[in-house]
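Multiple structures are listed underneath, in structure tokens.
Look for chain A in each of the two complexes below; its partner is chain B in the first and chain C in the second.
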Partner chain A sequence: MAVFQSDVEVYDYIGEFISSVKDDPAIGPKIRQAGIIIRFVYREPQSQITIDARNPAPEGHFYTVYYGDSAVEPDLVMSMSADTAHSFWLGKVNLMAALTRGQIVAKGPVATALKLLPVIQPTYAMYPKFLKEHGREELVKFG
Partner chain B sequence: MYGYQGKVLDVNLTTGRIETLPLDEKTCRDFVGGSGIAARLFFARAGKRVGALDPLGPGNPLIFMTGPLVGTPVPSTGRMTASARSPLTGIWGESSVGGFFGAELKFAGYDGIILEGQAPRPVYLEIADDQVRLVPAEDWWGKDAYETIDGLAGRFPGVEGDGTDREAVDGSAAGEPSAAAKRKPQIIAIGPAGENLVPYAAIVHNKGHVLGRTGMGAVMGGKRLKAIVVRGAGKVPVADEAAVKNLRHRLLEKMKNSILIEALHAFGTNSSMDLGSLSGDVPFKNWQLGAWEGYERINGASFSDKVLAGTRTCYGCPVACKREVEVKDGPFRMEKGPGPEYETVGTFGAMCLNDDVEAISKLNELCNRYGMDTISAGSTISFAIECFEDGLIKPEQTGGLTLRWGDPELLVELVHLIGKGEGFGKKLALGSRRLAAEIGPKAEEKLTTVKGLEAPMHDPRAGHGMGLAYATSIRGACHVSSLTMGVEQGAAMYPGLNLIETYAGMASAGKAEMVVKTQNLGMVISGAVIVCQLAGMVYDDADLVAALTAVTGLPWTLEELMECGDRIWNLKRLIGNLSGAGRQDDMLPMRLLTPTAEGGAAGSVPDMDLMLAEFYALREIGPDGRPSRSRLERLGLKEA
Partner chain C sequence: MLPEYFEFFVPARIAAGRGMSGSLGPEMEKLGVRRAFVVTDQVLMQLGLVQKVLDGLAGSAVEVAGIFDEVRPNSEVGLVEKGPGDLPELARVAGADVLVAIGGGSNIDTAKGMNIILSEGGHLLDYEGFGVITRPLKPLVAIPTTAGTGSEVTQFAVIKHEAIHTKLSFSSPYLAPNLAILDPELTVNLPPKLTASTGMDALTHAVETYVSTSWNPIADGLALEAIRIIGANLVEATTNGGNLEARYQMLVASTMAGMAFSSGMVGCVHAMAHAAGGLFDVPHGIANSILLPYGMEYNLEARPEKFREIARALGNDVEDQDPKAGGWTAIEAVFDLAERCGLPRALSEAGVPEEGLPTMAEAAMVDGAIFTNPRPAEYDEILAVLKKAY
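Now for the complex of A and B:
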């Protein structure tokens, strides 16, 4: 059974988690510094989240997050199942294996993606807390 | 024979005799090439007296070998190995290198070179097709590897286009100029470290490619051979040119679509610093820490941002992972030249808590110039810093130097001292195991060696299979002679061997079988064929079989290749046994079995007892550490 039952759940948890970091003073500026647009394309359930760190963000935020279709043209597209995305944010994905085996497909400047790895690493500890705070602690064990 | 030139250059430096040795099809079929054939030739020469061989003496055969794919259009296969009894470890030593020398040697008509004896005076070996001679090298002795390579290359001005012949170059009258005279020379050379017999001295090829591990540069220095210069105008015959062309096209497509290759292209081998630091693969502070915030300052992006000046590649490889760096001013100023690989960034950066990319670039250049292995040099220095910190090394022993973490100027000074053989550098030049033996048991607790070889920058606490691979590696702690790391970390898959699962790094159960398979395959792929282990990540077992079949015209099967790998591993193991190594040496040092409190592998240590028991059973290794007689006989190694 998939971790998320609908695209709405994907947006409620993964999407809102990514959004919650956009004003984080430690992580937000580093993502902003990358200056790119990253699109996460998920399947099962089909959904899409875009981080825009290139165009101006609303005041107080370091980037903008879009759910579903968006007009902005991404620099980097990361495609994976929503289950893999959930595991990824829990820090439980062997990235090397996932990329080699096509569980995660990256299209765009790999160098930029690598630069972001250390930036997002601290978020792995934040995602389980976010789920707990939003009443979905049981999802942690599905990572 | 397709894929082979069918002969090996056989040089006795004592007498000056230069002959060619035919390479028969059975040897090629049984040992494939590279360090596989080198082990066979070494055993034939040294026999069971290997334990009595002085690694630095005239009787230790130093064997350079290429493989059947070297010099063909099959991508990323232009490598060469050097093998001998190691002066650092006392057992089988080998190292491999990319670049262009291996291909050029085959173009000159040779699959390899055996060097024995000791020249009365320093010489270099010059090969131009079938014209081969020893040339006095007293003028080059004492010069660093870069000066030597540049200087020797400068003796062949004809490569610019006027076709200067040999007579014009060296004043001799050695016959008609070879067709090779117009070709750019490919050069390997040792620096002062090799001349001074530093046991981890390296052999440097065209400055940026290095036969680093196990002290092959010291073996060369012991023979008073400063350099080898090769030019060849021939070709490597392939059996099925159309199949090779198709295969090349397919492999290039795979490379084009591989994110790992893309990362290598973008940041070189140091592209693994980020993921490795997060997963616990990178050791810090002499393996005491599992995490260090400074890794972000020495990752691939940092080098690109601060010092990158270009990229280079090896023969027939589209990846171009080699970095060129330049430091324009400041204490670590260096002209544009070869940049550090991941391992060098690990030992002189992560291990010494040094986050200065300019200093690491300079340290890499210095090690290359002096001609020494950056892994052993950096690890020995890191070990010494910890010993100093704990009072096991006193300031009066260091000439007043204060050894401390994160001091790039100190690292530069220590590398100079090692390279010049001065002061405390003489102690560091021993390598960490011998230095620890001088200091005492407390220092031995800080060692990171297996069989005397300092471990590379991949932590077996994050990948337990690597722990077994290190412990049972033929040459000592090694991450490239088996394919364990790629498989365990998920970067490589070999469906024909059922090596397709995603392994949990921090688990020991069931790893022995994977390690045995990846060792045998590694003996063939990385040691014998010889495919670059980095670009070669896109090769699966079917690609390997297809490449060998297309090039050699022989109907290779995966089963045959695995048997070759098994045969090569067991012969090398036996050479190690005859050198004195046994089960007691199949051990990780205590430091690598001590869990870290932090990082991606916090709290994890490999279960060596479990894995070794499974391993010995699978390998049929007896209590004395030797392969069983029946196993050797089944592999056609009865005489061994």
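Now for the complex of A and C:
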């Protein structure tokens, strides 16, 4: 059974978690510095989240997050199951191994994603806390 | 302890032997192909090597549909897509059902890029990344004339995007050649410096994959044997280029190292060498040769036992040495090997300006190769390695 039962759940948990970091003073500026647009295309359930760290972001935010279709043209598209995405944010996915295994397909300059890995590393500890705060602690064991 | 997961994949059939290219026709017939489009360069045309290879088609059912002989030292997007009038289209119009790459890594990577467009259509940039190509392409035959890149067996292609001064990476199992012909007679004309630097490139593949975080036991076996062969033959191949046995050994070792790093990946030496090439046009083999001992020194604490094994493979007696001391023996042996081959020993000798080192370190930090380095690397540490190598 998939971790998330609908695209709304993907947006409520993965999407809102990514959004929660967009004003983080330690991580946000580093993502902004990358200056890229990454689109995550998920399956099971089908959903899509785009991080825009290139175009101007709203006041107080370092980047913009879009759910579903968006007009911005991504530099990099990363496709995976929503389960893999959930495991990724729990810090349980080795990106290079996942790329090799085909669990994640990266279309575009992969180095830009790799560049962000050390930047987002602190968020792996934040995601379980986020799920707990939002009443979904049980999802942590599905990583 | 074995890795939790590893994958080892080498689809290329390898046919090796002195004069092997003379059997090109029968070997290609086994692929069921009939019309070959050749991708090569002017130098090899003028040396008569391309004709020598194509003579191997005589009496077979395979004929030459066309030849593109203008590949330049760095494979480029514009060249792959257009060439002199839409290169993949030329092959398509010629009715080619197989591509034959003759040459070094640039020629083979150009053919890989061209194969993507010829088979799938569209633009090369549409396929940049990992796993984007999801079905078999047209057959590709690779015939290396250098012993270094390993591209004849890898699933990778690196192609420069001239407009943005960036090297694009393509990775897919379907990019790998179907057949690799290893014929040492095609490498005897390689000048000493190129023999040495491409050989050091192969050694760097083997050393870095052997200690990488993506190591696996199959790659380890190939890498260690490649190190042993290179250690025993590189100086002879460089200083006595006519020695066909040494040439043959180097060609096989380079292919073995390519097979190894196709799954085991590389590390910080390649990350820094890519930066040196992209920013200051330092030839890849030269950059690897200079940086390898310094990268080994940086990584020594992460894999001391494995570095001691490298020392052993390079012909040193390390029985009485602890792993770290054995690792140092390996570093000294690599340094010595490059010196005996007459290669430059410092970045300052290779045209890198000292003020360019911070930019190089920045570029290395975002190079894909650094993410499988056995010791997590910080910017300051990479800069320190570069300064040491300067």
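What we mean here is this: the second predicted complex is superposed on the first by the 143 of 143 C-alpha atoms of A that agree within 3 Å, B and C clash if a C-alpha of one lies under 4 Å from a C-alpha of the other, contacts with A are read in each partner's own complex, and residues count from 1 in each chain.
As a working rule, a contact is a pair of C-beta atoms (placed from the backbone, for glycine too) under 8 Å apart; a residue touches a chain by one contact, two chains touch by 3 or more.
Model, not experiment: these values are computed from the prediction.
The superposed arrangement places chain B and chain C in clashing positions on chain A.
Of the two partner chains placed by the overlay, neither chain B nor chain C lies in contact with A:129.
Once the two complexes are overlaid on the shared chain, A:92 sits clear of chain B and of chain C alike. In the overlay built on the shared chain, the residue A:121 is in contact with chain B alone; chain C does not reach it. Only one of the stretches 37-45, 235-243, 397-405 or 415-423 in chain B has C-alpha atoms clashing with chain C after the fit on chain A, and that stretch is 235-243. Residues 95-97, 99-101, 106, 109-111, 114-115, 117 of chain A contact both chain B in one complex and chain C in the other. Interface of chain A with chain C (complex): residues 76, 95-97, 99-102, 104-112, 114-115, 117. Considering their complex, residues 5, 7, 126-132, 166, 168-169, 171, 213-214, 263, 265, 365-368, 371-372 of chain C touch chain A. Residue ranges on chain B touching chain A, taken from their complex, read 259-260, 262-263, 266-267, 271, 274-275, 277-278, 295-296, 299-301, 304, 489-493, 502, 505, 537.
Contact residues of chain A toward chain B in the complex are 94-101, 106, 109-111, 114-115, 117-118, 121.
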